[in-house]
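Written out below as structure tokens is the structure these notes cover.
To keep things simple, chains are lettered A, B and C as they appear, and every chain counts its residues starting from 1.
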Amino acid sequence: MDTKTKTQKELEHVFTVRDVSVSYGDFTAVKNVSMDMFKNNITAFIGPSGCGKSTLIRSFNRMNDLIPNASVKGEINYQGINLYDEEVDPVQVRRRIGMVFQKPNPFPKSIRENITFGLKVNNMTDNLDDRVEKALTQAALWDEVKNDLDKNALDLSGGQQQRLCIARTIAVEPDTILMDEPCSALDPVATKKIEDLMQILVKDFSILIVTHNMQQASRVSDYCAFFTTKATDDGRRTGELVEYSDTKTMFTNPSESLTEEYISGRFG
Amino acid sequence: MYKDFNLTKTKTKPLESVVKFFITLSAFAAILISIAIVFTLLTEAINFFQDPKVTIREYFTATRWTPTFKNPVYGVLPLISSTLYIALIACLISFPLGLFSAIYLSEFASRRTRKVIKPIMEILAGVPTVVFGYFALNWITPNVVQRFIPGSGVFNAISAGIAVGIMIIPTISSISDDALNAVPKSLRMGSLALGSTRRITALKIMLPAALSGIIASFILGFSRAIGETMIVTIAGGQYPELNLDPRKAMYTITSSIVNVSLGDTPHGTTAYNALFALGITLFIMTFVLNIFSDYIARKYRKEYEQ
Amino acid sequence: MNSNSVFSKTKKEKQLKELAFLSILYICVTVAIVTLMTLIYDVISTGYSRLFNDYELGLINKVTIDNPRDFLTSLDSRDPLKAGIGPAFAGTVWLMIIVIFVTFPLGAGAAIYLQEFAPKNKLTRFIELNLTNLAGVPSVIYGLMGLAVFVRLAGFGRSVLSGGLTLTLLILPVVIVASREALKAVPDTIRQGALALGSTKFQAIFRQVVPSAIPGMVTGMVLGLSRAIGETAPLIFMGALTYVNYYPDTPLSGFTAIPIQVYNWIGYPQAEWKDTSSAGIILLLGLLLSMNALALIIRNKFEKDW
């Protein structure tokens, strides 16, 4: 009997995080995070560098498994299923929860092959050409590359490469897209294109974005989680969730003073 | 978009298991080869020493190596002394030439010059040893050794030593070059900014900083000189008695291994087993040197990265 | 006190020292280059005629051969004017084929395992330590091991198969290291990107990382091969030194190889053999040059600019 299917109650939440801490060996990068993230919304993680935002988001698709001494405590439930349950396959998790990285990392192959790779490893090989076109269209890249699908992906501009990475991620039909500072390596024009794209994508996907850029968070996100670091007894800094609320509230009337200081630029 | 969420584990395809098995085996082959070398050398060498005609005392103290004579004498001393003698000559040549070439390449040469000289060094490194042997016998001996050093025979240790030395130059040069380049540029900049010359910077700042790598390269070069076979066999000749005159022939461990096998010695004879006794002697010598070189490189390497 | 003269004196002295030092450096670099040039010139000038033109012997006799290109296809002979390198060339080709077919999968496989799959534990460290040591073992010892393991234990006898397998083991450590470097050069973001799309580690490595690293791995293979075909010492124990005057027809057939043949010819005292050996050396160097050129072409054309 398959006990891993969803229950009605937890449909609205996409992620339910309960008291999660992520550590590398004996160093705790971020601790005691509890929050709920909602379906078809854009949730932003903001805060100064070093407070564990990237570490946290990588636990959401079990990319931290790749680091030998990384450990995750607490519960990360995805649509009711604990992602770190023993019977859960990280490979399947990563298909359901896609990730776009800070620096665009297309494969050194053709544009077409970048997209078909994910499709092939996930046995979605019917109508390959249609799927490629659909993904590129959804990522607002189709018109620019439709005649050059066999061109090497590394010949595209930075912004185009990042959209290609988005395209290949959505080609495998995930439910959620994680974005780890997707625009920090791009120029403002390319950044704007991606921010506009996010508004369209959120109709079909839930999006979690880590960003250094406060203004970006206020532009694109529906909900915001603000993190900062606190010094621990052994002199190192551990990240913590300070406040989590809808974006409008966070930027106009935050409840925590730390949040207010960060928003108004008094530290960062 | 939110389909039924089935998160059970993906099955490993059988092909993947086979491939994984194969590549794991390939990696462990490295250990297998080492075991094979040590094992074969050891077993046959033991056979040698257990042979009634051979005594360990004779092996280490006798001053001649004559396995094919009617009354064979198996003394490794002349072989070791010849090996070390030629290796020493080789080092006298290669250490300064190699080191200074490295200093030139890393401290003085322009990028363009480097681009020309490095490939030349690599070509020199790629020349087969039999070619160096030919060069030693047919060019170095008549044109250099016999012309300038009276009393030299057609087969002599100086010629062989020179050729081995030249062969080793790329080894010393490239490892020392790497060691010098590994020193942070800030050290060089700091010294030059204080007004010292490139010469002083190179000799007093960069060289000491890279010393561990340079010494490691020396030890490695010495090890290679000891293990060198064809040059010494072609140009060094055979003189099976203890000889300290480099103008005459010298018979190294490696040459004697080659020459014993030339006579098509059948398996099981003392001469055949002697090959492996020599082999393990040589192996131990080079092994110890290589470990030592690695140790020096590691232990004294200044930690510049944070 | 005129401060100007004080400065100018120190400046001249310093400049002299700098110049002297630079000259020493130039000399050292030049020695290596000049030696290489001399070697090449000597070899070409003596062997060229044997290879390409009508061969004329000295002042006493004018002997011409009708079709000197026969050097490449003729059999060996007691007559230095008739001796050809045909069987040796064929032997070298046979060896190359065996080495490629065995070394590439083993070397690539081991590298992939060590770089992508091996856990970072003591066993892996031990394998890596073995590889480093094996790279420094003299080639003649590989020959001894090949004699005991392939010729005798495996029963392959004194065949081209034994020779090829011995050469494989000789260059395996080098090929593994080069392949690992090629894999290391693939940025980690590629692996992560593949995994983030829901591929297994196996799929990520074999469908993205390895294909990107193939040019580097092939380059490493070609360079290892060029080392293997120049080796003489390991093949001596495979009976390659005996008078082999036939083309090998099966892997278990006896054989000789170009460097071995050249070594034989060097050993003959008559003056005419010098030209014959030179011709053989030209062929050997030509082969090596083409292989290194091939490696360079592959590297420039296919290696990725991350």
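Here are a few things to note about the model shown:
Operating definition for what follows: a contact is a pair of C-beta atoms (placed from the backbone, for glycine too) under 8 Å apart; a residue touches a chain by one contact, two chains touch by 3 or more.
Note that the structure is predicted; figures quoted are calculated from it, not measured.
Here A-C and B-C were compared by C-beta pairs in contact; the pair with more is B-C. Comparing each chain's Cα centroid with the centroid of every protein Cα atom identifies chain C as the most central.
Chain A and chain B, compared by their mean Cα positions, are separated by 54 Å. Rounded to whole angstrom, the centroid-to-centroid distance between chain A and chain C, based on C-alpha atoms, equals 50 Å. Per-chain CA centroids place chain B at a distance of 16 Å from chain C. Residues of chain A in contact with two or more other chains: 91-92, 96. Shared interface positions of chain B, i.e. residues touching 2 or more other chains, are given as 10.
Residue positions of chain C touching 2 or more other chains, listed in rising order: 200. Across the complex, chain B is touched by residues 14, 17-18, 21-22, 24-26, 28-29, 31-33, 35-36, 38-39, 42-43, 105-107, 109-110, 112-114, 117-118, 126-127, 130-134, 136-142, 144-145, 147-149, 152, 169, 172-173, 176, 200, 202, 206, 226-227, 230-233, 236-237, 239, 241-242, 259, 262-263, 266-267, 274, 277-278, 281, 284-285, 288, 292 of chain C. Contact residues of chain B toward chain C in the complex are 10, 12, 16, 19-20, 22-31, 33-34, 36-37, 40-41, 44, 96-97, 100-101, 103-105, 108, 117, 120-121, 123-124, 126-135, 137-139, 166, 169-170, 173, 197-199, 203, 220, 223-224, 226-230, 234, 254, 257-258, 261-262, 264, 267, 275-276, 279, 282-283, 286-287, 290-291, 294. Only residues 61, 63, 66, 68, 91-92, 94-96, 98-99, 101, 103, 105-108, 117-118, 121-122, 154, 165, 168-169, 172 of chain A touch chain C when the two sit together in their complex.
Within the complex, the chain C residues that touch chain A are 120, 187, 189-190, 192-200, 203, 207-208, 212, 304.
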